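Both complexes shown next keep subunit A, but they swap its partner, so subunit B is in the first and subunit C is in the second.
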Partner chain A sequence: MNIVNLTQVTYTYPLTDKPALSKVDLQVKEGEFLAIIGPNGSGKSTLCYALAGFVPHFFKGELEGTVQVAGVETKSSTLNEWVMNVGLVFQNPFNQISGAKYSVYEEIAFGLENMGVPREEIKSRVDQALILTGIDDLADRSPYSLSGGQQQRVALTSILVMQPKVLVLDEPTSQMDPVGTREVFGVIRSLTGRGMTVVMVEHKMEWIGQFADRVVGLYDGKIFINGKPREVLTSARLVGRGFGISRYTSTAREAVKEGIWPKDRELPVTLDEAIKGFKKISK
Partner chain B sequence: MSDLTRRGLPSQFAYVIISTIQIIPQMQAKAQTIIAAQRSRGLETEGSIFKRIGALVPLVGPLVFGSLVEVEERAIAIEARGFTSTRKKTSLREIRDSGLDKIFRAVLVLIVLAIIALKIWTH
Partner chain C sequence: MNIEVKDLYYTYPAGVKALLGVSLTIKTGEQVAIVGQNGSGKTTLVKHLNGLLQPTSGSVLIGDWDTKKVSVAKMARRVGYVFQNPDEQLFCRTVGEEIAFGPRNFGFDAQKTESMVNDALQLVELSDKKDTNPYDLSSTWRKMVALASIISMDTECVILDEPTTGQDAANVARIAHVVSELQKRGKTVITITHDIDFCAENFERVIALSKGQVLLDGPAGIVLGKEKILAQTYVDPPQLTRLGKRLGLRKTVRNQEEFLTAIKKLIL
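Right, the complex of A and B next:
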């Protein structure tokens, strides 16, 4: 059952000539964890905005093709309908703190207040959400007193509490340290375990290799590659095009050139795979 | 903020007022960072009044443009939290307007009027 259906989507931002997205076809199954990779300027953020309805409803401009997410179709809807169904989290945690609330608890309740949810229900949903993302100990703190990683988890929680059907994340861990990254991926894994559909733009290939069900690569506004994480992340097509490549994959690729790593063996994506692979060689 | 909107102030205005209070210290911190960065590139911030005013120029650009980018992102973020929804908003906290609050407000208004009257009187 496809919960996301993009057909021949082409979009150009106002006052620009070149389309940011060009004839994009993309389907995502319900409950799938899709990772999106691509060099800078390849249209990843635009794709996230299109999935969340902000393209075109917020940015204006012409959108061709159809975008259908969680039963809502772009042309026949308003941004408010999108926001109920699709959650959006992006890179900079600081800009996702509303600034209108003095505690983390209230910050998380903000979305539910806007949706007109009754007070008792707000409290129970916020309480649950705080535990889900493990930030219940931060509930009384001011959002501005938190570290970047903590703020990002607050941002994620304030979107999750709205119970979107699809969660779109645009490089959510790019400004976080390894511990924070692990925490965010941990939360996302528990969400996909419960059947939430997640679309995430990421550069950290090792993490994608471990968690994603499928990987799509964008290049120049077009879908460049689409497949299982292993195939995509070790594909030679990524080389020399500005895609981030896992250091373990690159090292093993060099090792193949030197005749150290056997040509017919799969290239590693994660540290564990690299260790296993190189251990076999040294035996 | 919900108290302000309850009294009829459009939510966008209420938001601007409330968020500005929290964001000013953050902007100050940002300005400090920009000044430090520019100084490390040779900007002179000591000396004559002209030098010091001149030192503001390389600060304004990054601060303003940086803020514009951040404002757009924040607009998207609050939009993503349903801020412009036309549904009737609810409030987590009950803000009670007690008799004491009303009296306090009336007294403050009277004080302001008295100060204005005094200024006019003594001129």
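Right, the complex of A and C next:
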């Protein structure tokens, strides 16, 4: 069942002429892990804002077409209602952290307090969320005393704890070390296993290749490519357009040119695929 | 102008011990990448290099200036710092003014200021945006404005804090170009990065920090091959380095060219 449904969405920010999104049709199934890729300025963050209701409720501007989540349209809802269904983790955690709370623990509880969740339930949900994302040791620290990667985990946890139906993440691991990145992808995979729907903007192709169910590439505000991770991430259409490409893919592509990787063999996205492919060559 | 960090300890006011005895020397014109897990002390260390933070104990020398004895304002003549988030450093009405602010503040005359501004704009490919408000640009290009506003100050050392975060492939290539141009000009470039592929392809020396101490320090070709030690500070070697090791290549390869050359040798 599709939980997210975008139909012919065109959106133009206030005081600009060129649409940031142009005639976007996109469906996401319940429990699906969809990755969004694209060069800077292609509309990735705007798509996140449209899913999270910030477009049109916060940014105003002109929205054509319809954005539906769980059968409800953003235009006919308020932002307050919308956050119960869709959680957005911002690209820059600094923009997310409330500034109203002294500790990570309180920061994570902030959303639930605002939703009017009973005190005991808040405590148990916050405790669980802190353990899920591995930041229970940071609970008493000030959010502002943390490193960028740690702040990103706090931002993610503060949204997860609200248990949204659809989780939207705008480059949630950009400041994280590889272990943090791996854990976040692991957590997200387990959440989709329990029925949460995830839409994630990400530049780390190797990780998308391993974890996502589907990849959509945006270019110039339009859906440029849409399909299984392997097909999309190894597509020649991405080359030269500012899309990130896994080093394994680009190196194998170069190896094809040099005649050492067979033309008809699939290009690798992940380390394991690259090992397999290059082993065949060297034997 | 060498940079000399001697037995540096730093404890934040709230009690977090961020640096536990860091010693290192960075020579004029070196290109150094600092890597390590979140919270390992990378940003704390580089904030000592322009006096934003003062050692709890130990010392930091920038040439003959001891950061304890020189004001932050004066330190800015020797060390330029590009913040991770450009919005923390941009405040002027136009890109041109933003980039002229540093040199003007140094007291350079109008002619010299203009030539430095134009040079910096050209380097970051923003020559046609001189009169634009930085906030009318995308965050990608604001990053380039922030970079240019430091380049125009012509400091001997430039620090880049996570320059490639949130940047697409085309902009990462632009930033790499800026780094190589600064190298040609004899500048010292120090970068903090989690983008290990960017590190491998553009920096000659790599310092890995772990829990406030130096874990590894040496040529990129050696440090980045030490997979087990790097794992202690949650750093994965670059993609092609890992692939090379798994395929049994003897040499630590850092980029596509090195990898393919080694693979060809293996086949032939």
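Worth a mention:
The rule is short, and it goes like this: the second predicted complex is superposed on the first by the 283 of 283 C-alpha atoms of A that agree within 3 Å, B and C clash if a C-alpha of one lies under 4 Å from a C-alpha of the other, contacts with A are read in each partner's own complex, and residues count from 1 in each chain.
Simple rule for what comes next: contacts are C-beta pairs under 8 Å (C-beta built on N, C-alpha and C of every residue); 3 or more make two chains touch, one makes a residue touch a chain.
In this text, all values refer to a predicted model and were calculated from it rather than measured experimentally.
When both complexes are overlaid on subunit A, subunit B and subunit C end up clashing with each other.
Once the two complexes are laid over each other on the shared chain, residue contacts for A:S246 go to subunit C alone; subunit B is not touched. Once the two complexes are overlaid on the shared chain, A:G149 sits against subunit C while remaining clear of subunit B. Contacts of A:V179 after superposition: subunit C is touched, whereas subunit B is not reached. When the two complexes are overlaid on their common chain A, residue A:N92 makes contact with subunit B and with subunit C alike. After overlaying the two complexes on the shared chain, residue contacts for A:H203 are found with subunit C alone; subunit B is out of touch.
Look at A:K123: by the touch rule set out above, it reaches subunit B but stays clear of subunit C. Once the two complexes are laid over each other on the shared chain, residue contacts for A:G31 go to neither subunit B nor subunit C. Once the two complexes are laid over each other on the shared chain, residue contacts for A:I260 go to subunit C alone; subunit B is not touched.
Here subunit B runs into subunit C after the superposition, and of 3-11, 21-29, 39-47 or 75-83 the stretch doing so is 39-47. Subunit A residues in contact with subunit B (one complex) as well as with subunit C (other complex) are 92, 94.
In the complex of the two chains, the subunit A residues touching subunit C come out as 38-41, 91-92, 94, 141-142, 145-150, 171, 174-180, 203, 206, 242-248, 250-251, 254-255, 258, 260, 271, 274-275, 278-279, 281-282.
Only residues 52, 54, 58, 79-80, 83-84, 87-88, 90, 92, 94-100, 102, 105-106, 109-119, 122-123, 126, 144, 155, 158-159, 162 of subunit A touch subunit B when the two sit together in their complex. The part of subunit C that touches subunit A in the complex is made up of residues 12, 14, 16, 36-39, 43, 84-85, 138-140, 162, 165-171, 194, 196-197, 233-236, 238-240, 242-243, 246-247, 256, 259-260, 263-264, 266-267.
The touching residues of subunit B, counted against subunit A in their complex, run 1-2, 15, 18-19, 22-23, 25-26, 70, 73-94.
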